[in-house]
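For reference, the structures are reproduced in the following blocks.
Next, two complexes with chain A in common: one pairs it with chain B, the other with chain C.
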Partner chain A sequence: MTPAPSSSEALRAPLVVEFPFTRSLGPVQSDFLTGLRERTVLGVRTTDGRVLVPPVEYDPVTAAELRDLVEVAPTGTVTTWAWNPSPSRGQPLDTPFAWVLVRLDGADTALLHALDAPGPEAVRTGMRVRIRWAERRTGAITDIACFTPDGDAAAPAAGPAPHSGEFTEPVRGIVAPARLDYTYAPGRAQTRFLAALAGRRTVGERCPSCRKVYVPPRGACPTCGVATAEQVEVGPHGTVTTFCIVNIKAKNLDIEVPYVYAHIALDGAGLALHGRIAGIPYDQVRMGLRVTPVWTEDGRYPDHYRPTGEPDADYDTYKELL
Partner chain B sequence: MREVAIVAFAQSDHRPDTSDVSEVEMLMPVLRRVLDDVGLTAGEIGFTCSGSSDYLAGRAFSFTMALDGVGAWPPISESHVEMDGAWALHEAWTKLLTGEADTALVYSYGKSSPGDLREVLTRQLDPYYLAPLWPDSVSLAALQAQALIDAGETDERALAGVAHRSRTAAEANPHAQLSGSAAPGPLLDTPYLVRPLRRHDCPPIGDGAAAVVLAAGDTARGLCPRPAWIRGIDHRVEPHALGVRELTRSPSTRLAAERAGAFDAPVDTAELHAPFTSQEVLLRRELRLGADVRVNPSGGALAANPMMAAGLIRLGEAAAAIHRGGSDRALAHATSGPCLQQNLVAVLEGEPS
Partner chain C sequence: MSKEPVAVVGVGQTQHTAARRDVSLAGLVREAALRALEDAELTWADIDAVVIGKAPDFFEGVMMPELYLADALGAVGKPLLRVHTAGSVGGSTALVAATQVAARIHRTVLTLAFEKQSESNAMWGLSLPVPFQQPLLAGAGGFFAPHVRAYMRRTGAPAGTGALVAYKDRRNALRNPYAHLHERGLTLEKVRSSPMLWDPIRYSETCPSSDGACAMVLTDRAGAARAPRPCAWMHGGAMRSEPTLFAGKDCVSPRAGRDCAADVYRQAGITDPRRQIDAVEMYVPFSWYEPMWLENLGFAAEGEGWKLVESGITELDGELPVNPSGGVLSTNPIGASGMIRFAEAALQVRGEAGEHQVEGARTALGHAYGGGSQFFAMWVVGDAPPTG
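Coming up: the complex of A and B.
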């Protein structure tokens, strides 16, 4: 997060959320996606005899378990379409294309995918299309690269044929990468807090109703449900209200164990924040210990807190902050 | 059965970008207004229920920060739905029916500005067959619009008419993000966004919040001169596979309306949550709304569509029309998911004055 030029201008920073979701497949989904890998499109027959493509595990009407697989054609008819002039990241084609719902020959329902067509004039509901297979296929819906126009070709006369769904090395799961890009903005109260922190000052905010000072502030008093606005500089000294001794080394953290992590009530604050205690043997840290922040050269927040040498705080002075 | 009414409604001004405030900072003034309207403090509310989505914020449990704005400590009786606030209202209505609470605060909010909303919404789709293709929300709505056009249910000129009427109505709505519109003819001269939809067929993307207070029986009468009584409310969902659905129909809306009693007597006003112009066409038919019904006098979702709040706002706007004597019997509708996937219908009535 970059420091704001003034505390009135809200901070913002990029935030990327990215997960490779690993998902297991039900037996019907497994057969369908394995089939795509083998350039075979499978549907499932419902209780009332309809063929669903893409297939589902349970009947959408009766909720009965479905297992009766059939093979449908790689050709079909567009049931509706939409022209996408500016494809975005992750979509099947990176040149303008039509989204289409396609009812494959032999199926009673439609499958969503992309149609590679030169322009919207070349697309219409009812047009015949054919699957273009991806060159590298892994057992995923993207094994269908897209659809392509199929001219005047008529639908095959034969209906869907029964299929065992058996393939060698069936696909049992998919890994679906997902990435979303955000611009995070922490809002007024946290911007004020971070702007002050850049000047090595800790500034909380006071509730106008109960007078409690929140550090760090989040803009609202959770007890009274009102906005906090009055800024109050707290610390720099504070009192250890409680602590623990950490014996497990954290990954990517260059701190020798054991060390002490503590709740610290900065002077004037209405609640404790947490931080590491150093500059004292770990087994001598105690409740009531008076501490002050230690900053490193380029630190945006205190690296740790060290003892001030003052006498310990009396328990009554911090018991409400435990 | 207990009588439950909406007794107060407030909403934020809906804006394309609210990066100057956090979610709780955006929400708090709305909570303050709705509570002040009935003269209650947060501590006097029997039950609190909220709606929001972590995917909009890009942060897990983002709603817990917003809860600070309610004054949730010491712990209050509270719940949250990862849905539009209309569904939070349904939960609160149920809670009041049980008799465990006499009042409820319902709020919801959404900030679409931190992310790319069209991408974010792909993550709510079937993760096996749809999400890997990243089909964006406008494209999915366009597939439905084309199906309606192919079926002869509407055409691009009629859709431009919906946009024009909605955004002209929004000129009287101080909270609207978009108001005012060119005439339908000139609108048709603008380029397609995703054919057959043009920009005017789509809702504005923006940030906002809304809140209502519910109350039961005599408590409601004490808090509001003319409570908007919830005569019926129901919600229904379609199969999740788009290709299984008949996109020119909305059987879930029809069923929810039947169960809510929408067809028992005519309504004079309807607030429909139709983010896309084509969806209004579909909803009007499924809800059997005649030409004499005032549809979306607020401008509807085409004027402001803060995610997770726009449905609750429909209930709030319908209730507000009853509060001020502008309606005697109103229908409110909320939707969630692609192509009107899930639909909630409520019927609100004011007592004869």
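Coming up: the complex of A and C.
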């Protein structure tokens, strides 16, 4: 269990949000990425005759559907660049490199990628570069491992060649991992709340205007728009205002179904909080049931709530809390 | 100076389905946009601005998808706006677009909303485990199920009302070629005996996960005069919001919903919605929300919504057909679901709803809500331009 914070220091913790997202590619991106797998770079010709690399499905000028694919060269010219002295995770190279925009020979637009160069003094706008293909290619932009300097080699004389975009076993979808790194700070009100919870006391905060007690407190009353400051201990007993019986197992929860997920108005609180009811068969839980929290050794929050054995609360005493 | 009247002259939807693996996001929105343009007999050049909406970015994990979708929507060189109000977003997106016409900022606006749930993480996108906070104990159904129980307790509604709504909406969907679910063999008994997921909500009383997009072309009086088919005229539009949780929140009949309805009725000159509105497309992701919203939207007195359902009034051939399209219970590309409600309301008053047309519909309500009953968006459309 995290040590109990004092009420003066606000809590902070890392919050990482990370999912592998699937993407259907559609016709043009499918051809482009399958092409990379086959060491072939495809562009698309626009209505006004320009060649866009990477290709797009719809013309940026006319909005027309674009399907006229062409093959461009694996060599090109840097149109602009920026040195990246400290690569972070997930970037194309793990040693310092240049982010470059490369106009491949035969293309009219530039592609963003990484250039493997010993230092910024080795990079200049106008320099000639060449694709270094990844050894294992799957049909993804990372099939281009990076670009490398290509000396004084001249651009090929031949222009872009028409391409059918047809390959065997085309790539139709990709998985794109996305990750966001945050530092989460719950704020002073929740820090105070958590400090009290560590002593197994539930402390809300009263709105000076409407006098209602917020549990958990958020530092302000959303109805009146004023700060809440007065601390008020609520509970420990409370009333089940409403509930549902969960019959399907959630993948992130280690709770056997069926279980009861309830709204519980702790005595003195101005709104219900959420908790699980146990210590009673799930099909005997009812609105108005009087409950009290049950703690486990290492839990920050009550593990669940159990019946107190008191008579049920009268509906009129909690109907405003539904 | 009075506002410019706003007309819906084009409506387009994709064939909503569980997974559209054949198209990219761009390809998906493109289909709906092209169908709306075809319906209006307009081209990209006729569009002055584009307003799009979808649910949170983290559903599909494409940050600011509006940037990448500009080409597909012919928006390059034009104003492109994104609207963001959770599940109600399709409705509020249409209202933002309508405001641009009403304020004479633009003459003709393309508005569109979409979701590709097959490629999205709706569940995780909504309920990230946040440090220090108590883990959530249930998914979306579990979040709403206690409110349904509270409604039943408050009104004394019988346990079977929800099944009636689900059975009605799924039957209506059989008449709508764009609907996701076409459950031809469904019976009321099958709904009633489907697995109980979050008691009191059964499997057949919940919405599906869909891929889909919906688009509309909104225009001014001059644009409407050139329209090849009948227009739907906007008679009122309103949005309201309130926090997901606050002391005094009525989770069964949120005040933001009541206030939003009162505003839109006042604009449209509606004093008796039950008599004056001919068709309703409301956002019902769980069947019980039909009787709940019937009360919240003023079609029934408090505690009486379930009686309207039980009496059959909300059936397609009833006095007040609700969700003739099959509703969210039959089709739920989350970000698009609100706009589908607005568009289906427009189709009804245009007389263009096909097999699910409500005969003689002249005034219809489109309704959307989202978040934890937090955002509300509504419009009233009619077959004639507003007077005055």
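One rule holds in what follows: the second predicted complex is superposed on the first by the 299 of 322 C-alpha atoms of A that agree within 3 Å, B and C clash if a C-alpha of one lies under 4 Å from a C-alpha of the other, contacts with A are read in each partner's own complex, and residues count from 1 in each chain.
We adopt the following convention: a contact is a pair of C-beta atoms (placed from the backbone, for glycine too) under 8 Å apart; a residue touches a chain by one contact, two chains touch by 3 or more.
Everything numeric in this text was worked out from a predicted model, so none of it was measured.
Of the two partner chains placed by the overlay, neither chain B nor chain C lies in contact with A:233. Once chain A of one complex is fitted onto chain A of the other, the partner contacts of A:110 are limited to chain B, with no touch recorded for chain C. Within the superposed three-chain model, A:303 lies out of touch with both chain B and chain C [touch as defined at top]. Residue contacts after overlaying the shared chain place A:60 against chain B and chain C alike. By the touch criterion defined above, A:17 reaches both chain B and chain C.
Once the two complexes are laid over each other on the shared chain, residue contacts for A:81 go to chain B alone; chain C is not touched. Once the two complexes are overlaid on the shared chain, A:188 sits against chain B while remaining clear of chain C. By the touch criterion defined above, A:52 lies against chain B but remains apart from chain C after alignment on the C-alpha atoms of chain A. Once chain A of one complex is fitted onto chain A of the other, the partner contacts of A:142 are limited to chain B, with no touch recorded for chain C. Applying the stated touch rule to the two superposed structures, the overlap between the chain B and chain C interfaces on chain A comprises residues 15, 17, 21, 23, 25, 29, 56, 60, 176, 178, 184, 186, 190, 221-223. Within the complex formed with chain A, the residues of chain B that make contact are 19-25, 28, 31-32, 42, 55, 57-59, 65, 67-74, 113-116, 118-120, 122-123, 127-136, 139-140, 142-147, 150, 192, 194-197, 239, 241-244, 247. Interface residues of chain A, counted against chain C in their complex, comprise 11, 13-15, 17, 19, 21-27, 29, 56-63, 65, 172-173, 176, 178, 184, 186, 190, 194, 207, 210, 212-214, 221-223, 241-248, 250, 252-253, 255, 258-259, 261-263, 270-271, 274-276, 287, 300-301, 315, 319-320, 322.
Note for the complex: chain A touches chain B at residues 10, 12, 15, 17, 21, 23, 25, 29, 33, 52-54, 56, 60, 79-85, 88-92, 99, 101, 103, 109-114, 120, 125, 140-142, 174, 176, 178, 180-190, 218-227. Residues 20-24, 26-27, 30, 44, 58, 60-62, 70-74, 76, 116, 118-121, 124, 128-139, 142, 145-150, 153-154, 195-201, 243, 245-252 of chain C are the ones that touch chain A when the two sit in their complex.
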